[in-house]
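We just call them A, B and C in the order they show up, numbering each chain from 1.
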Amino acid sequence: MKWLVAERRRSLSAALIVVAVVITSLLAPNPRDRVALGVAIVVAIVGVATLTIRGFRETHPVFARATLTVVALDVALFATYFFSSITNFNLAIGAAMSIVLLGLSFLTGASGQISLGNSAFMGVGALAVAIWANHHASTPMVVTLLIAVACGAFVGLLLGLPATRLRGPYLAGMTLAFAVAFTAIVNSFTSWTGGDAGLQLPTAVTPPQWLSSFFNAQTSLLRVNTMWLADITIVVTGVAFFFMANLFASRTGRAMRLVRDNEVAAELVGVSLPRARVIAFMVSSAYAALGGALWTLINNSVSPPTFSLALSITILSLVVIGGIGTISGALIGGVIYAYSTNVISWFTQHTGINSQGNLASQLPGIVFGGLLILTMLFAPMGIAGAVRRVWARRRVRMTP
Amino acid sequence: MIVVEELSVSYGAVQALREVSFRAETGVITAVLGANGAGKTTLLRTISGLKEPAKGTITLDEHSLARQKPENIARLGVGHVPEGRGVISEFTVEENLRLGAMMAKVNLSDGLEEQYQRFPVLGERRKQHAAKLSGGERQMLAMARALIAQPSVLLLDEPSLGLAPQVTAQLMHTIRDLCASKGLTVILVEQNASTALRIADHAVILYLGRVVANDAASIIVADEDLRQHYLGKVE
Amino acid sequence: MDAFLTSRIISDILGGLTNGVIYGLVALSLVLVWRSTGILNFAQGAMPMIATYLGMVVFAHRLGYWPLVAISIVAGFGVGGVTERVLVRHLYGKPEINPIVVMVGFLIVLEGVAAAIWSTTPRGIPNPFSPIDWQLGGKPIALSPFSVYEIVTALVVMSGVAVLFRFTKLGLQLRASALAPEVSRLLGVRVSRMLTLGWILSTGVGTICTVLVASNFFTGLTPQVMDGIFAFGFIAAAVGGLDSPVGAIVAGVSMGIVLQFVGDFVNSNAIIITALIILIVSLMVRPNGLFTKSTARRV
């Protein structure tokens, strides 16, 4: 009995696991489901138990982040099992977008620079995947994605070279020019890129046999496929966030924040400004390319005109609204992106705006632009920053 | 005449001036002395409106100056020659003067002529960019630019800073002359107390934002204690 | 002589000049705002666009071309002034990205509002100048009454701005406010008004440019009419140096000509790509622009 009290956490976890396993075995229709459900619950409980160990985050920061990622993935993957195809599709698009947002958030938050060309970097990744898949259909997906990331980083390096000597407004303008030029670049290599029409993937991404066999005959193929795509995207997103969280906390990340806050001080302590800037810019482009590559997989095709300046501006809006330079802000932005269309169409329905009219078609731009201005003026750290501030204030109030 | 009463100014938590009161009479040079960080520059910046006071009043004749915009105070005839001279180096000498003459009631070419007569070297270099002037020439340009507006009050912040002794002496002489001939109210901020006391009629000593002495220059020069305490050595 | 005037090279130069003065005007309007308030205005295309709609479309049924142009310009002044007072004022002294982000937001709000009210269908603006090229010996020279109108207007505006800045009291105050705001205030310059005036002037110049672009028979007025032109204008301003009005104009005009050759001898896709390369190379060689005197920006 004494032991139970002393090892409260362990005994609580064990009890929870037992209860969960019992419930699943009663609820789940067949043995495979029981196993899957059981594993998911055990992972979640063990993960949460580990994370709540006092001092664990401080002593093992990388391991703590990994655990957090695993728990988040576990919950998210589990959830996709229950979602409809449309929800899973939106989720996948939003998750891929959150990777792009994270990249820009890092660039802006860690180095104080801004890019209006991230849609074009997404396009680079999106096209890279499609072009590669059309020439080497048998390459494993992970490799294809890495190739897309490498392409994004390389183009980022090319454009980032002058950025080593530039300050904010010049870089923003230059990346804007890149976004505007993107369509022309794509159209200059039509035989590769397919021009404005874009490319189809030769084969759709489909789940492996063992996953398909989970489902009974009534489950539609579409549902299984979108779920699989959502799962892939979520896992990749998890990995991308994990890397970024470590980068934020690393020496490089700290050096970059120093560059943003005080260039002179950064140079004094031996940070190479040009290098820090180029790295930040490359990371941001690589992340954008990864997000774009996932879009190609999700849509099974790529349409270059999607990657317009307007998309870049949407990306910027989402990062700012979510919270510049925060990891949670990128996630918030991704969720907003996934559901903004729904919310806005709900809004048009309930306010009686003609859904075919000019106003309805322009509403997303006006709303995003308006939110962008308001956020920057009144809550420059976005939703994540605002939440953090409220949190901090409560904490102060609670400790007298 | 400028009357400063109970003036308090702070930068965040730091109080730069604490209930400072003094008057600067017309036709008189009032020196404001004190060590670095005593609040001298803050005092001038508050009089000319660049800094908003927390408390207190500043009056120029019948106008209240505190909390007015600097451009309006300038238009009331207060000329401020800031520390580090503040000439616009991208402008030519003449453009600097033209900018100064903007609110002058006199005709521009007469004003320019007057300043070129007073400072011949500026006349010689009128088409040159101010960036090319020497330290002393820049100081003259800053003075000329303030004078061309025909001010009734002249606020001078460390005019001798970085100048050779000879140039300083010449400059002080010019200030003395101007004050006498135009009936200007001059407030002269100096760290170099001996230079200032040589030409000032009246002196105010600031120490950590407070007025510790406010008397005729001759009395302050004679007060051994005061000088040693607050001004360091005065030859 | 006739054969020379209608030759491909002269055609490209003339055609490039017509585009170039437009780029130069956009670049000039960017420089005006940059110099006075240190902000790169990403809504520099959209603000004049709104003004042009207000002027050219709202009263189009009642008035002729010239009164409409006048109304547009006045609307441009108004849009510039109100934007500075209401929106931009809060951004001075903030981190560098804040004004960029806000002006980008303003750009899409304005374009969205314009499209919501006036739709995205291009509107032709009838004007007294024929868009058809003059002929010499049966061959066209790349110059029409309309392009002469464009070039002359742009030159008049550019010299007007130059005269204002060089020779007037107002110009002196505008320049002083940009270079040394505190000192200017000590000399009685109403700096805050000068900043507003900088935006008013800049949007005015932008509006004249937009009216020219929209009056072109082959483009017409759309909410996004200035998007592409803004990109070229920015490139010109950055190449010439955001601090230098002369640099902006020279870079704009020469870029127009170079790009016309590229479009003619390579293809139309190569135009913006070449512009991007010019930008990247020139920023690597001279990050502060070819025409800026100081080599390093003050920290």
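Following the convention adopted for this analysis, a contact is a pair of C-beta atoms (placed from the backbone, for glycine too) under 8 Å apart; a residue touches a chain by one contact, two chains touch by 3 or more.
Since we're looking at a predicted model, the values are computed, not measured.
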Category of the chain touch graph - line, ring, star, complete, other | line
Most central chain, judged by mean Cα position vs. mean of all protein Cα atoms, is C
Report, in whole Å, the distance between the mean C-alpha point of chain B and the mean C-alpha point of chain C.
-> 44
For chain A paired with chain C, centre-to-centre distance based on mean C-alpha positions, whole Å | 37
Just how far, in Å, is the C-alpha centre of chain B from the one of chain A?
-> 59
Among the residues of chain B, which ones contact at least 2 other chains?
-> none
Counting only contacts in the complex, chain A reaches chain C at residues 108, 112-114, 116, 159, 161-162, 165-170, 172-174, 176-178, 180-181, 184-185, 187-188, 263-264, 309-310, 313, 316-317, 320, 324, 358-359, 361-363, 365-366, 368-373, 376-377, 380
Residue numbers on chain C that touch chain A, as the complex places them = 34, 39-40, 42, 87, 90, 94-98, 100-102, 104-109, 111-113, 115-120, 227-228, 231, 234-235, 238, 242, 267-273, 275-276, 279-280, 283-284, 287, 297, 299
Okay, in this complex, where on chain C does chain B touch?
-> 169, 172-173, 175-176, 179-180, 182-191
Residue set of chain B touching chain C in the complex reads 48-50, 69-71, 74-75, 79-80, 82, 86-88, 90-91, 95, 98-100, 102-103, 145, 149
